[in-house]
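Dumping the structure here so I can ask a few things about it.
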Amino acid sequence: MFIETPLVQKKKRTEAAAKIVFMLMTILMILPLLLILAYLLYKAFPILSLDFFITNPKNGMRAGGIWAPFLGTMYLVVISLLISAPIGVLAAVYLNEYAGDNWFTRIINLAVVNLAGVPSIVHALFGLGAFVLFAGMGRSILAASLTLAIMTLPVIIASTKESLAAVPRAFREACWNVGATRWQTIRHIVLPNSISGILTGVILQVSRTAGETAPVMFTGVVFFKKISEGDIFAYNLFDQCMALSMHLFTISTQVPDVPKALPYGTAVVLLGTVLLVNALSITLRVYLRARKKW
Amino acid sequence: MANQRRLGNLSEPIIEGLIRLCGISAILFVIGIFFFVFREGSGFLFSKLNLKEFLTSIEWYPDSPSNKRYGVLALMAGTASVTVLAMMIAVPFGLGAAIFISEFCSRRARETFKIVIELLAAIPSVVWGFIGLTVMNPIIIDLFKAPIGLNVLNGGIILALMSVPIIVSIGEDALKAVPDSYREASLALGATRWQMIYRVLLPAAKNGLLAAALLGVGRGIGETIAVLMATGHAVQIPHSILDPVRTLTATIAAELGETPVRSDHYQVLFIIGILLFSITFVVNLVADLVVKGIRGK
Amino acid sequence: MKNIKFTLRVSALMAVGAFLLQMGCAKKSEDGGTPAEKVSIQNQGSDTMVNLAQAWAEAYSSVDSAVSVEVSGGGSGTGVAALINGTVDIANSSRKLEEGERAKAQQNTGKEPKEYMVGYDALAIFVHKDNPLNEITLEQLAAIYSADGNVTKWSQLGVQNAGCANDEIIRISRQNNSGTYHYFREAILGKGHDFRLGSVDMNGSKDVVDLVSKTPCAIGYSGMGYATHDVKVLHVAKKAGDPYVAPSIESTLDHTYPIARPLFMYTLGEPTGHVQHYLDWIHSDAGQQIVKESGYVPLPKDGSLEHATPANE
């Protein structure tokens, strides 16, 4: 061993200091998440029960539960998923399996990046101009879902593309060598092998959709609508619906005399749904990745 | 068997056509967004709008009974002030966290942190807005003796927390892209880890980190509901971070629902949409070019 | 590998199934012939009235379970805009339809908008609980809010607002195009006058009350129904020397409270069927009772509406 010179000691000190500073920064960033979760949960605790989920808002939205907005959010999520998942997956297949390395592909990639960067309120303007007015759908679940689908498309494209790219080229070559066409290869080898990444993207899309407010405000979500409790087919495509995110916005900004626990409860359910779905996506990813044999 | 093959042959072109169509869908949608937003706003943009007043006046009186004026300077100042403050908080913290996670953590800790950051990114903006409105507002009044707690500071902090995840994850990618041989070489020369980061890693990952910050800016400019709830929504050029302001996005969200379709006010809101679309388009484009820059090397 | 294929198939099947169900539901309601089918009434507009409209909608579902009333707020402008575009059955407005709007609606839809007065609302002015101010005149309000007003400090109103460190009056207002904003501008600032920029423009009346209750420097206004115990409601006089009056049902009906206004619902042309039943019910005792319970002022007893009971007469 050698004796540490002052220079080495100083080096060590800066190193330790740097590590601590960076660690503090990370912790300061994550701490709010935990504090906020704990605080919201604490405030919402008195109201959270099964009843809260299955009763409609009552008494001028000052009592009751969140059935109508909760179901509305589910509708928006499912329908926008049915639209964006096939388009997004096929678009990623095109980008990864068909597109050559040329200017056109670069433009597509740029478009995907920009689509992801368009502010949500501009998506709302687009939804209003294109679906509600131009296509004549009116304010409806369909128009809102289409708007959400386009907004979340980049999420699905990006994650699908990544997982398609992770499938080794040798798999494809082996398949082509036995005479399979390109589509047969994709259908039977590439897609099944990248299903974990695709599902992850799809699930992320769900969580993004569930939380959005701005794009649905003008395209199909209402302040209040009474639907029959417990009937999961209470809405149809051309109805307007309530949504959890919008409901949280209205009861925290517009309705007077709301008991404090109600908006907190709604926030916790919204946040809980989103985080749960995310956790599901992460677990699935870890599990499926662990099973990969290459 | 033969039958099935014929069917396969027939359906294959259809499926491939569909795939190609979906492939270019992103382009179609971006053009579509621009087209429809432009279409709704263009009538007023080319006929009546005084572009100079629009960009340089703070007078936002879209429904004045005597003299309607459409100046968005104060709204742009609002967006800029909140975004700048948010970035002043989020960029150092985000990049610091990215460095910590990619350089100082064990593999296991890194995976855990990344998951937490993913979760942080998933919190809906209306929940952030709700936090700004109910939790931060009284805290800011107490702490800073501010006359009102809904202001640039509130919006900036909320926005910083919202944009940190994207900065961390892109920044971490950028650091990961620096070859390990760089690290090994500098450590072998006797540099400490901090020297290695400061002298070797940061210059090498410069572009990626810049792109991370730019994407954060894009996110900040485009955020709507959270800033609508947290910034106080007052049309004015802020003189301090304790002044309430109003952003471009919040103005559209608050006023669009109430304007008759195709009225002047309605069209001006779409023109603000065009403005927002253009700003974020440029920011994203630059970020993308900067990222391409590192790949090219 | 098998397993993955299986999951893929199952999820695809589920997706298709869900989609078909959706389509099935949509189809069913389109031909809408069956008697059990829900009828929806689109009701949109005034933010002042949105809670009232919501309370009506909720109560009406037990009167006629076949009808579902969809309520959205956003402001009187929204309702009127929707009426002009022909996309609502009933528009709520806390101001009278302007002539231009009336003409536009007729031109767009070919139908004359029909007006229903459904109640009154008094505009309450409030400040933080700890603010020593108790009363205010309309002139003072104009000087605080108007573009050509000059009152920016609490001391200019002659009060020492201890909770407010820098003495600055924080003006809380509503976003333009809300009926409340329009009415305040017309009744207090006067015709042709504008608000001074820099007021904190909240999205909903509830926001205003909440914010005032948390902000010692603030002054705000909204419909009387929104006032809570957390804020102090000011007594208002037309001008200095006049009696200061608190907003209430009585002071609204006898016109001693200076800032009160009627609330309207509009339909395109003569309403029929469910919409007509709904409006009739709103004018009935049951409907007017809800007006009172929601903190608004029910219609007075007069010739056309003799079953409406004014409170505490």
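Read from first to last, the chains carry the letters A, B and C; within each, the first residue is number 1.
Heads up, the rule we're going with is that a contact is a pair of C-beta atoms (placed from the backbone, for glycine too) under 8 Å apart; a residue touches a chain by one contact, two chains touch by 3 or more.
The structure displayed is predicted, hence computed values, not measured ones.
Engineer: Relative to chain B, which chain's C-alpha centre is the most remote?
Structural biologist: It is C whose centre lies farthest from that of chain B.
Engineer: If you count the contact pairs for each chain pair, which pair has the most?
Structural biologist: Greatest number of C-beta pairs in contact occurs for A-B.
Engineer: Rounded to a whole Å, what is the gap between the Cα centroids of chain B and chain C?
Structural biologist: Computed value for the inter-centroid distance: 33 Å.
Engineer: If you average the Cα atoms of chain A and of chain B to get two centres, how far apart are those centres in Å?
Structural biologist: It comes to 16 Å between the two C-alpha centres.
Engineer: Listing for chain B: what residues touch at least two other chains?
Structural biologist: 133, 257, 261
Engineer: Multi-chain contacts in chain C: which residues touch at least two other chains?
Structural biologist: Those would be 74, 202-203, 210.
Engineer: Going by the contact rule already set, what residues in chain A reach two or more other chains?
Structural biologist: Chain A, residues with two or more chain partners: 253.
Engineer: For the complex, which residues does chain B have touching chain C?
Structural biologist: Contacts found on chain B: 58-67, 74, 133, 137-138, 141, 145, 147-150, 228, 232-236, 244, 246, 254-255, 257-261, 263, 265.
Engineer: State the interface residues of chain A toward chain C in the complex, per the touch definition above.
Structural biologist: Of all residues in chain A, those touching chain C are 58-61, 78-79, 82, 85, 138-139, 191-192, 195, 222-227, 233, 235-240, 250, 253-258.
Engineer: How about chain C: which of its residues touch chain A in the complex?
Structural biologist: Answer in residue numbers: 1, 4-5, 7-8, 15, 18-19, 21-23, 25-26, 28-30, 40, 47, 50-51, 54-55, 57-58, 61, 68-74, 87, 202-207, 209-210, 225-226, 228, 294.
Engineer: Using the touch rule from the top, collect the residues of chain A that touch chain B in their complex.
Structural biologist: 11-12, 14-15, 17-19, 21-23, 25-26, 28-30, 32-33, 36, 39-40, 86-88, 90-91, 93-95, 97-99, 107-108, 110-126, 128-130, 133-134, 150, 153-154, 157, 181-184, 204, 207-208, 210-214, 217-218, 245-246, 248-249, 252-253, 263, 267, 270-271, 274-275, 278-279, 282
Engineer: Over in the complex, which chain C residues touch chain B? Could you list them?
Structural biologist: Listed in rising order, the residues are 74-78, 80-81, 84-85, 101, 104, 164-166, 168, 170, 175-178, 185-186, 191-194, 197-203, 210-211, 214-218.
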